[in-house]
Amino acid sequence: MSAGMTMTEDGNALSPAREQPLLAVAGIHTYYGKSHILHGVSLEVGRGEVVGLLGRNGVGKSTTLKAIAGLVHPSAGEVVFEGRAIGRLASHKVARLGIGYVPEERRIFPLLTVLENLRTGLDRQGVAKAKRAELLDKVYAYFPILAERRNQRGGTLSGGEQQMLAIARAMTLEPKIVLLDEPTEGLMPRMVSQIAEIVGALRDEGVAVLLVEQNVPLTLQASRRIYFIEKGEVRHHAMAAELSVDDPVIHRYLGV
Amino acid sequence: MSRRHPFAFWSVFVAAIVLLIIAPLVLPEFWRRFVTEVLIWGLLAMSSDLLIGYTGMVSFGHSAFFGLGMYGAAAALLTTHPASLWAALLYGLIAAAGVAAFVAYFSTRLRDIYFAITTLIFSQIFYVIIFTSTAWTGGENGLNFDQPALAIPGLFSLEFTPKILHWFVLAVVAGSYLLLRRITQSPFGMVLQSIRENEARTRAIGYPVERYKIVSVMLSGLFAGLAGVLYAIQNQFAAPDFVFFVISGQTVIYNVIGGVGTLVGPIVGAGFFLLLSEAFSRLFTAKYLDPIGLHALAGMSYLVPLGLIFILMVIFMPQGLLGFARRWLNR
Amino acid sequence: MDIPLDQILVQTLNGIVTGMILALVASGLTLIFGIMEVVNFAHGELLMLGAYVGVVTLALTGDFWVALVSATVLIAIFGALMYVVTLRPLLGRDPLTTILATFGLSLVLQNYALWQFGAVSRKIPEPIVGHFNLFHLDYPWYRVAVALLSGAIIGGFWLFLKRGTWGIWIRATTQDRVMAQAMGIPVPWVLAGVFAIGSGMAAASGVLFGPFGGVDATMGLSWILRAFIVVVVGGMGSLAGSVLAAILISLLEAYASLWVSPSQAVIVSFVVLILTLLLRPTGLFVATPR
């Protein structure tokens, strides 16, 4: 699949792009010590679009998200966000540009309370106190369980609750795109559908989502487009609507 | 490579030894003594390289081993009549071994930074004990004693003239180097390096890491103690100052400047450091500074520029002076 | 052997007073270690430089409290600069390198001070003279003031950590530096800020301690040693642990000096350290070993 093929809103792959994608990753390579992890990954996410990233373990899905979030700097290639090259930026600056990151292990701050965890994103420069209160209320509306547990330490929450907190925390940044790394991993089915709802809610709010997952049904249902990664490269790209769970493509890249 | 090209290694080694043998014959006494002291401090630094460079355990406590070796020798030289060199060696090594056993015990329970800080504190513990046990150790004033003779009772007895002393020290240090080299290149040494690279993996493979660490600390302590004995013999003097943790710190500095994991690097590091110290101390006097208008710097300790050089090396040249030769010296 | 009650009382007070200063020194050290895993060997020298700045400012203004504040602020800035120039480049590397760099810094700073100020120790006169009566004894007001002030500084800092945005930033960075940065927290500034705070605390201790002993270039050495012991015994990174350990150790030393000389009393802290390492190596006051 050629790099950087742009999708228009009507889903017609062949129409020229009418607007710049929100996020464009072009041919990025990353190394971990001497290991070559990403061998030229390219993908795009449009404004308010939910895009899935599927692949087996260890192919570089998490690394791709980390490269976008600025936790890892590509040694070649570029990450362009809203027309601006951000590949060299430190991750705190990337976050402030409007990229929210929810890592695979959740990594909420264990000794901070739920509220304090949220405040790490709420207490930003340029956000008035009233606005912060408003944001907080909005987040609590989405995650009532967090409102309940607001003064509890993050480390004492259950796995599912921590996942909620991790997503909520990213939302406090009022991001234009949220990078979700395997949000349903280790969660009960009931929580998995809750995650699906949240992804939908984000999309309804106009927030783009780049969803890395191993859960195929969820990804197919929530995403508009899907990229398939194998051995550090994007090997296939399709509209989610055209795929079914037992598609040979799925078998090919996920070995399910 | 030096294993595969022993000729290259040995020719450099022999050349260096020859130069060092000739040194007391051509150098003025001050510099002769300087070279001898570099060898002794070099031995101390080399002993700590076994821990830092090969086992990956940073120790700030080598002054304890050194100091106890020195005091052990002092005890022997004060109590044996005539003062016996071999007793000095024996007592010194036993004392150092005792301290090493103490440190070794803790080394297996602490890692990294905790080990470094704890060894530092241990060297201070010994400092305080020695400093305050005035009856035994002469406290602040230290101990003075006679130099022993290089003697094998019944066979011969040579007085330690400066030259003979230098050659004796050279023989001991060169022998120690060869011995340590043998050890680090042996299977035992390989395991130590594996511990440095990845302790968890080494343990997972099945090696009793704790035992290796203990042996490593003991060996390191013994050689450091040996350096202490040599120092005592050369200077006929033992003082608590040598147990103070700053000595440990300087030892680590020699290691880093010279290059850890090379054995000979620390000796070079010691030489480099001491040479610069000498140079700076002379430079920072009115005699040299006034003509260039830097009179204001007169009286500044050599440690200021040296410390700055050291910091710069840590940042920009962490592999040390001989770091580039590390592979060559070890393979 | 009968030790009069009032001597025990005096030593208790002395132990608490020294303990509070030691707590202030150790807090800075443990804070720095907790957030960036740097063992700041030069901490004692920051204390020493603070004391000297205090001496100089006192000579200029004649006001002890101005001296205290200016020393704290100036050394805080100096500490931050020191961190940015020499330690920040080393952050990704082997922790050994930061120990070495700070050791090098301590040598440089000590000898610089020796050259600049000479070997004769300076005096800082007590800002509060006078004693009060405590069971037939005269106890200096200044000592009480020092204990209260140190406590106030530590307490104030603790509050700062618990509330306030910066407090959250510092705690988040300590717990997970990478995620803190991913949340938009300007971690490089937080780290420099913490180093500044730690340095400032050390400087304040130096000035507060000034009237007790003299101010000289090597005064940092004895403090750094005891501070390291306190930090290990209290649990590295634990503020509360450092405070409790500092007071415990100082009290024990104070009592011990009823029997032995002060230079021998310090052995008590060594014993506490060894016991801690044997029984609870992560720290006596740390709730659960990590």
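Worth a mention:
As written, the chains take the letters A, B and C, and residue 1 is the first residue of each chain.
To be clear about the criterion, contacts are C-beta pairs under 8 Å (C-beta built on N, C-alpha and C of every residue); 3 or more make two chains touch, one makes a residue touch a chain.
This is a predicted model, so every value here is computed, not measured.
In terms of C-beta pairs in contact, B-C outnumbers the other of B-C and A-C.
Centrality by C-alpha centroid: the chain sitting nearest the overall protein C-alpha mean is C.
Rounded to whole angstrom, the centroid-to-centroid distance between subunit A and subunit B, based on C-alpha atoms, equals 55 Å.
Subunit B and subunit C have CA centres that are 32 Å apart.
Annotation: 44 Å between the Cα-based centres of subunit A and subunit C.
Those residues of subunit C that touch subunit B in the complex are listed here as 37, 39, 86, 89-90, 93, 95-97, 99-101, 103-105, 107-108, 110-112, 114-115, 225, 228-229, 232, 236, 261, 263-264, 266-267, 270, 273, 277, 281. Interface residues of subunit B facing subunit C in the complex, by the touch rule stated above, are 52, 58, 60, 106, 109-110, 112-114, 116-118, 120-121, 124-125, 128-129, 131-132, 245-246, 249, 252-253, 256, 299-301, 303-304, 306-308, 310-311, 314-315, 318. On the subunit C side of its complex with subunit A, the touching residues are 165, 168-169, 171-172, 175-176, 178-188.
Against subunit C, the residues of subunit A that register as touching in their complex are 69-71, 90-92, 94-96, 101, 103, 107, 109-112, 116, 119-121, 123-124, 169, 173.
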